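Presented sequentially are two complexes of subunit A, the first with subunit B as partner and the second with subunit C.
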Partner chain A sequence: MHTPTPGLPEFDYVKLTSLAAASQFLAEHAGEARPFMGGTDVFVRMRDGFWKEKYIVDVKGLDGMDEITFDPATGLTIGASVNMNRVIASPEVNQHYPVLAEAAHTVASYQLRTRATIVGNVCNASPAGDTIGACLVLNGTLRVHGVDGVREEPLSTFFVGPGQTVLKPGDIATAVSFPLPPEGYAARYIKLGRNAIGDLAIVGVAALGYPDSSAPSGYRFRLALASVAPVPLVPTQAEAILAEKPITEATIAEAARAAMDACTPIDDVRGSARYRKLMVRNLTRKAVTEVWERIKG
Partner chain B sequence: MTYRTIGKSYPRIDAIGKVTGTTLYPGDRNYDDELWMKILFARRPHARVLRIDTGQAEALPGVVAVLTAKDVPVNEYGLQIPDQPVLCGPGSGKEGADVVRFVGDQVALVIAESEKIAAQARDLIRVEYEDLPVLADPRQAMAPDAYQLHPHAPDNVAAHHRVVKGDVDSIWGQCDVIIEGEYRTPFQEHAYLQPEAGTAYLDEENRITVHVAGQWTWEDQQQIAHALNLPPERIRVIYDAIGGAFGGREDMSVQIVLALAVMRLAERGVRRPVKIIWSREESIIGHCKRHPMTIKSKWGATRDGVLIAAEVEVVSDAGAYMYTSNKVLGNTTITCTGPYEFPNVRVNAYAVYTNNLPGGAFRGFGAPQGHFAAEMQMNKLAEALGMSPVEIRLKNVLDDEKTLSVGTPLPGGVSLKQVVEEAARAGGWEMAGGAEKNSPHPCSPAPPPPRFRGRGFAAGFKNVGFSFGYQENSWAKVALEGDAEIQQATLYIAGADVGQGHHTAMLQIAAETLTLPTDKIKLVVSDTAVTQSSGSASASRLTFLAGNAVKGAAERALARWQDEERPAVAEYTYLAPKTTPFAEVDGEPSTPNFAYGYVAQSVEVEVDTETGTIHVTRVVSADDVGKAINPRQVVGQIEGSVVQAQGYAVLENFQVKDGYVLTPHLSTYLIPGVLDIPDRVDSIIVEHPDPRGPYGVRGVGEMPFLPLTPALIAAVHDATGVWFDDFPLTPERVLRGLSKI
Partner chain C sequence: MKGKWIGQPIKRNEDPRLLTGQALYVDDVDMPGMLHAAFLRSDYAHARIRSIDVSAARARPGVVAVYTAEDMADFWRPGPLIVPPPRNVEGIVFHARTQIPMVKDKARHIGDPIAVVIAESRYIAEDALEDIVVDYEPLEPVVDMERALEPDAPLVHDDLDSNLAAHVVQEKGNYEAARAKADVVIKRRILVDRGAAAALENRGVVAHWEPKSQQLTVWDTTQAPIPIRNGIAAMLGLSEHQVRVIAPFIGGGFGPKIMMSQPEEVLVPWAAMKLNRPIKWIEDRRENFIGTTQERAQIHDVEMALTRDGRVLGVRDVFLHDTGAYDPYGLTVPLNTQSHGLGAYDIPNYYTEFKVVFTNKMIVTPVRGAGRPQGIFVIERMMDLAAKELGMDRAEIRKRNLIPPDAFPYRQEIIDQAFIELVYDSGNYLPVLEKAMAMIGYDRFIEEEQPRLRAEGRHVGLGLVTFVETTGVGPYEGARVSVESSGKVSVVTGVGTQGQGHFTSFAQIVADQLGVDVRDVRVVTGDTAQFHWGTGTFASRGAVVAGNAVKAAAAGVRAKILKLASKVLETPEEELELVDGQVRVADIPERSISLGELAVMANPLRGAVEPGTKPGLEATDYFGPQYGATASGAVAMIVEVDPETMMVEIKRFVIAHDCGTVLNPMIVEGQIHGGVSMGIGNSFYERLVYDDNGQLLNASLMDYLLPRSTDMPRRIEIAHLETPSPLNPIGSKGVGEAGAIPVPSAFAQAVEDALADYGVEILETPLSPNRLFELLSARG
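After this line comes the complex of A and B, so read on.
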């Protein structure tokens, strides 16, 4: 059993003046340095002794990371240090990407959301991360500053395992950006926790749907599931069913079953694997049905 | 009767300090020369400590002392029997003290210049254990070949109560309907806001002085003195503000070890304050829990719904040590047949040692478990007979003449009929008629599927005071100063204000009795140097017992004032009416308690049959408190009980495997948040005075907890058609019950 220690272990707090310097530092101290944003995961894990970094590199506020920008031609960019409450309050988010606000709103408490960030939630790469599903169905891309400069990492290939991503030492995620959403789309994030606010997801389902004449069904759906696999899971088979067969109650039920079959959840104190699978089916059916009601002609 | 002060919702005297943050809790007390303590917990459920190597820990710079079992003068303690070592390990001379029996047993103390150093040193202590068989279940522990955890408890049975009335065995043939059930209740964690903490030092009179948050200063002093082998007057216990207790602070946590550290440091010439604050994880593994119980019930009745016979077997998981398991079991023994008259009863109840966390006091003290079984049986009986759950209760509830299972009537005036009627009326129930009349009260439109709505009902009763033969008592002192008129009154009391508002209530009783405004009365509280024993803040007893003491002391001081004594000072110890333990001989009557409070509740829920989640839309709670000294505080107790009981019934899922705790954080063990609590709680204060309570007072701290779980589960049954005989009703358990998983 883990032995709690009071407060944080000793570490050096590092704040550098440029992204280049921060990347350089992180790369030079691979394995003993870690970037942090709001610290809502970093400090808890350090207090509990799971992470033992010697250096904590504060990357907040570097080079425009504190901005939300919306461009009607290209889409939305949320800087890495924008906290979740700002995302929830953003008019552009609420007008064009309301599912991001809906998902952020399910994270922990108001107090915690004044520190927590979307990019931090993504980089923490917990399978239970509540905003990750919304980012995935919105086709989000992470902007990453590494020792070799800036690159884009699509979220669809970003997650490797629980807490593991494609990021390398020296990489700093500076923003997450989203293309303009499809015409006539609707999306939902449904979270099931043990209590009404504050708990981690037993299961979370993000669903986005839109009319698409290239699909046999006339519609396309994107789905993402939380807390049911080692990584945030996209049930591609379920998405394919909804693209191919005329959307009916039976098709939605079939897709929901396919989503359930795609999951490989675990038993933990929040719920059993069996319960999680059933909830994926029920909540996928519910989320897709609600989206469908809003997008059908 | 009109009163000047009581019956009015005076603002809490502790409110401003708590809201503005100036109030000191035990962990808030800072000294320039303070030292910090950390405890090495065993963190294994059952093992013999072969060796403890403290060398590395003691060598760490900043470490002042490391203490182990060999440093404890009398290495034992316990509220009921001293069956627990202060520190587990070899060398104390106490037989069996080298064995750890649950994960929260304490093995060593580190005292250091800072908390961080103390924690580092604690992790440097090397302990060699020999693991012993783990008894994770009471049934397993009762088996004849099971490992014996304590020499005084054959078959690991810590306590056994038996109550017999009439002749159960020959009566079943006369019953038109028989209901049988096996009910299981879970652990519950107190989850008080303030984890255990304290500071200790030598005061100006060289007394070992411990600032702590507990429930009974005098008892803490006795327990510390015993373990340290010192006369009690060498120990001083002072309560700072207490951040909730709910029974969980009745047993020792940091009291003895803090005093031990101060004593041993002084012997080494170190006279510095020692401080400790437990983390939430330490709190959760370090203190007792509500007892899990299995209760098998068989009840028989006539087709008219008149109860004839009850046979009940209770098996309670006492965990590693006695704590108050025997007393808790006494309450389950009495309440497992509900607030009803049976001509024929047999109850056998066992508390069994295991290697789980000790079961201890927790709001309701055995009565929530007893009521769960009893009220489930009653609701199933009503269903089987096609009767209203209200009507069948009105037909069977105890009154001033009917006798309880122990063969005697309930003393002090029985208002069960009244509370049942009040709760039923407000909850929209028909008093009579068939089950078809009990469709949910149409107070709001029915939700769309897959959500379904239901309503349930239950009643309850609870003794005020420990009793069962213990002579209940409470002390208070009043001093009046002035010349022609009283300028200043001082009230000395030791009842713990654990957050329930006790000090405010006592101030109101003193003001009423002295006919003084409350601002003329100064309070001196909970310091064994100047106060004696007011008894524990538990068993719904404090307003009744300490209220009588305050009233008696005030009346006596006033009489002396009228005799021109200046200052006029009077001490008074109220002695409650005598009680008796359960009878040794089958069928002999006993009088285990001198006072009771009564309650009935109606609960409405919505159940989502796709996710299994339950939302409580409304609770009506009618509580006979005798006399509400401060109605707002009474409502606070009712609402607080309801919310805590809802957590017990639905959400709080304390998980243990092979003696290890799987939920040692508030992120893994959830308690209700503001969006989880009922949409609405209607508190109905009933005032049927107890002639022996001060101004008619009974008690309220526990009663509203008791019917909530069975009433809620009856509501879920009403919504889904399924009975749940165990809880908490996690979504998963609900779906399993609905055969959807």
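After this line comes the complex of A and C, so read on.
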């Protein structure tokens, strides 16, 4: 049980002038300092007593983190301080990676999305993170500034547990980037909450499909599931079924069942584990079918 | 009684201040030297307190005082029994256990206050809460209502033999005899679960003791400033004239703010006097979930006896009502359920029995609807099941049983929350139902649209229910109306205001009486220094009871105006008219005098006030209804259910209602919109989830789901029908709860209809996508 008297604890707000200095500070205060961007998760978690950092390090606006750039040769990069409303409004995103905008659109409310960021959503590593699935199916990579310099962390190996990632003290995620999406692809993110808009996900399903002659079925699909496992889940068995068997209604149903079987959800006030599993099946079927309708010859 | 102003959809006088952020709320009160309070609340639903160590908290810099029950000495006493049980119900059992200011022996629910810290800032006060060490001895909690009545259940109140708080049996006619004659008897168990009132503004209190003038001023988010004033004065041993309670603008009441002598309301004024410093406490949202009263949980075992042609011969309803850890509000809620258990129908035999149960959960007191939605949910669900059983159309079975227009006043022969026999004063129910049916296109939907959509594989359903709402209960309210020398009019009344539009509807009543512009009438509510007789704003009674008091006072002023003007204008009263702020001779409009000039003459600087008259164009009057007026209505709605996810979308929503004379249709519609959104919450979104330990699992707005604009129907189509109440001169009935009462029953019926091919029966509210899915799974 968390503290009975929630309220923001006392902490020091730290703003440094460079990424190097910020990384240094975070590394020196391992365990008692945390970087923050929009603060939409950090301050809620602190208010509710889950996090008790002494230092909150503001990393907004450091070294070009505030840009969205698209390069037709290499792909899209979204800086860590770009808020979700900017992602939703970005012409490049809408033209080349619309599923990012679709996923961002399901997060909370407009007001919150002026603070919330995609990179923050990824680093917070909630299994319910709505934009994480889209980032996963787009083969996203996180750019991380650490004490030893800059490195790339593929999202496929980024998540370790609920709220836990491979990031180490001193690490600051500065951007998420995506390669050019596959030729002829389509993607969808379907979120189910308890209401039309605004609730946390009971279940979220991201699906991306594209023609691929190297696959026996002629297509490949990438799937990612929210809120049904300790980490954002990629149901590889379901992906394999869609690559191997000719795509029919029955194959999609089989893949959807495989996705369901891959889940290990919990019961909570939003929905039971059983409901979640069946919703994964239904929504995977729906998402894959819709993507399939758009990509098939 | 439409007038130049009454009945018109005019814009509200108060809105410019509200919309531009100029209105005063309790949290806007700021005083030099003001301290801040924070409460330590129990982590356990049921625990004995072995010891409380506050020494570290007291030592924290910036902390001025820390109090526990022990520090209160003789001031520690359980709060008042706000509503005692009715004395005229035979065999009634009632054990009063009223709310306590702070825990002395054991905590009885999550959030029970244990200590209060007073500090230089709220930050310091909250930090100091963490310094307090409480040695708890956790006890087994009792959370489930049925479990609470088992012989070996842990006791919430050790001095009682069981967790039974009350037992009431009432009967109209003879149900058993009716049952013996019935062709069909239907029996079901129906559940209603808990929800929060979830006002936008949480509770708050600021208290300021002025030692030199010996005056205590309390700003409080209360719906009942006058009773609060009386309670605080009594508790602190002050004269009622030494205490001024101000209920300024309040961001929603919805019932819990009628609760009096809540711990914070008692402790903040007490501490302010003790410390000689103003103190503020503003509830945060989590405190609101664990420290503000809630409602609705009941379990009904209900039986309905009918003839083959759909006439209901009788209803037998035996239910449990969860009152939480204490029962300070008496039996208002279950009595309301009982008195709404026959809905709008002429049912000659009714056996109704309830047991009120103590549990280790937050206290239950009225929340918008206050027991009425449960009663309507039960009777309306049973009507639907009966229609199905008999193979009858659900509109038809309702029509066959509605109380006919010539049966009013209609006696229900049971005692209701006003402690007198429930009598529906007036109404005309069939046209209301038919209006709702016409608006939704009932026949066309059933015969054409639904079959067509079903053939397309879509799951659409219709809900159609009727409801009644007892409103405008006594005892009384009062008002004082004065014409000032500017010619403008001031109105003061004792009720508090939480968004009902009193500043406009009361002004409309006065404007029609005095022939002034509604914008020239300034209304003051909720300040005991301005008016100190009255009860409060609750039970949909403001417009009815205070409204008629305003009218009576305005009529008194009108009489004074005419008397004086008759002298001044040397014209008989009957030839005078009040128009545009003037009194003028009807036939010779240029012979006139303004109300302002008359007001000056009525308060002479020279010369005397004649014997038998009083200075000023002012009158005070009161109104107490003989009994409450009963409003009615019908709701029709169409929903679509996504069979893959069990998400429900409301496609159309129609409400036809009759609240007697409509003072301002725009305000009435606003009340209905708000009520409907609350009803939608109670249908599909809002459920407080307590676990087996009595912990509230969704004590935040992230987890407790309020409906949003995107969950509301695009339009709420409203029709006003007006059957004026004979019980008051304006002819009004209340409408504050009308929207909230019928929605869950209409929603459940619509969803059940949409899922007809799954054969699911809905016997509970609120639902959720997950719960619907479970119900379907249980059907296989």
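Note that in this section the second predicted complex is superposed on the first by the 290 of 297 C-alpha atoms of A that agree within 3 Å, B and C clash if a C-alpha of one lies under 4 Å from a C-alpha of the other, contacts with A are read in each partner's own complex, and residues count from 1 in each chain.
The definition used in the following text is that a residue touches a chain if its C-beta (ideal position, glycine included) is under 8 Å from a C-beta of that chain, and two chains touch if they have at least 3 such contacts.
Predicted, not measured: the structure shown is a model, and the values here were computed from it.
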Practice problem: Could you say whether A:P181 touches subunit B, subunit C, both of them, or neither, answering first, second, both or neither? | Solution: neither
Quiz item: When the two structures are overlaid on chain A, which partner does A:G271 contact: first (subunit B), second (subunit C), both, or neither?
Solution: both
Practice problem: Applying the touch criterion given at the start, work out whether A:D199 contacts subunit B, subunit C, both or neither, answering first, second, both or neither. | Solution: both
Quiz item: Where does A:G38 make contact in the superposed view: on subunit B (first), on subunit C (second), on both, or on neither?
Solution: neither
Quiz item: Which partner does A:M279 contact after superposing on A: first (subunit B), second (subunit C), both, neither?
Solution: both
Practice problem: Please work out whether A:G170 is in contact with subunit B alone, subunit C alone, both, or neither, and reply first, second, both or neither. | Solution: neither
Exercise. Overlap the subunit B and subunit C contact sets on subunit A and report the shared residues.
Key: 1, 3-7, 192, 194-200, 202, 269-272, 274-275, 278-279, 282-283, 286
Quiz item: Which bits of subunit B are touching subunit A when the two form their complex?
Solution: 38, 43, 103, 115-116, 119-120, 122-123, 279, 281-282, 610-611, 613, 651, 653, 655, 660, 662-664, 667-668, 670, 672-676, 730-732, 735, 740-741
Quiz item: In the complex of these two chains, what residues of subunit A are touching subunit B?
Solution: 1, 3-7, 192, 194-200, 202, 269-272, 274-275, 278-279, 282-283, 286
Self-check item: subunit A residues within the subunit C interface of the complex
Solution: 1, 3-7, 9-10, 44, 48, 192, 194-200, 202, 268-272, 274-275, 278-279, 282-283, 286
Quiz item: In their complex, what parts of subunit C are in touch with subunit A?
Solution: 38, 40-41, 43, 123, 126-127, 129-130, 284, 286, 644-645, 647, 649, 685, 689, 695, 697-698, 700, 702-703, 705, 707-708, 710-711, 768-770, 773-774, 777
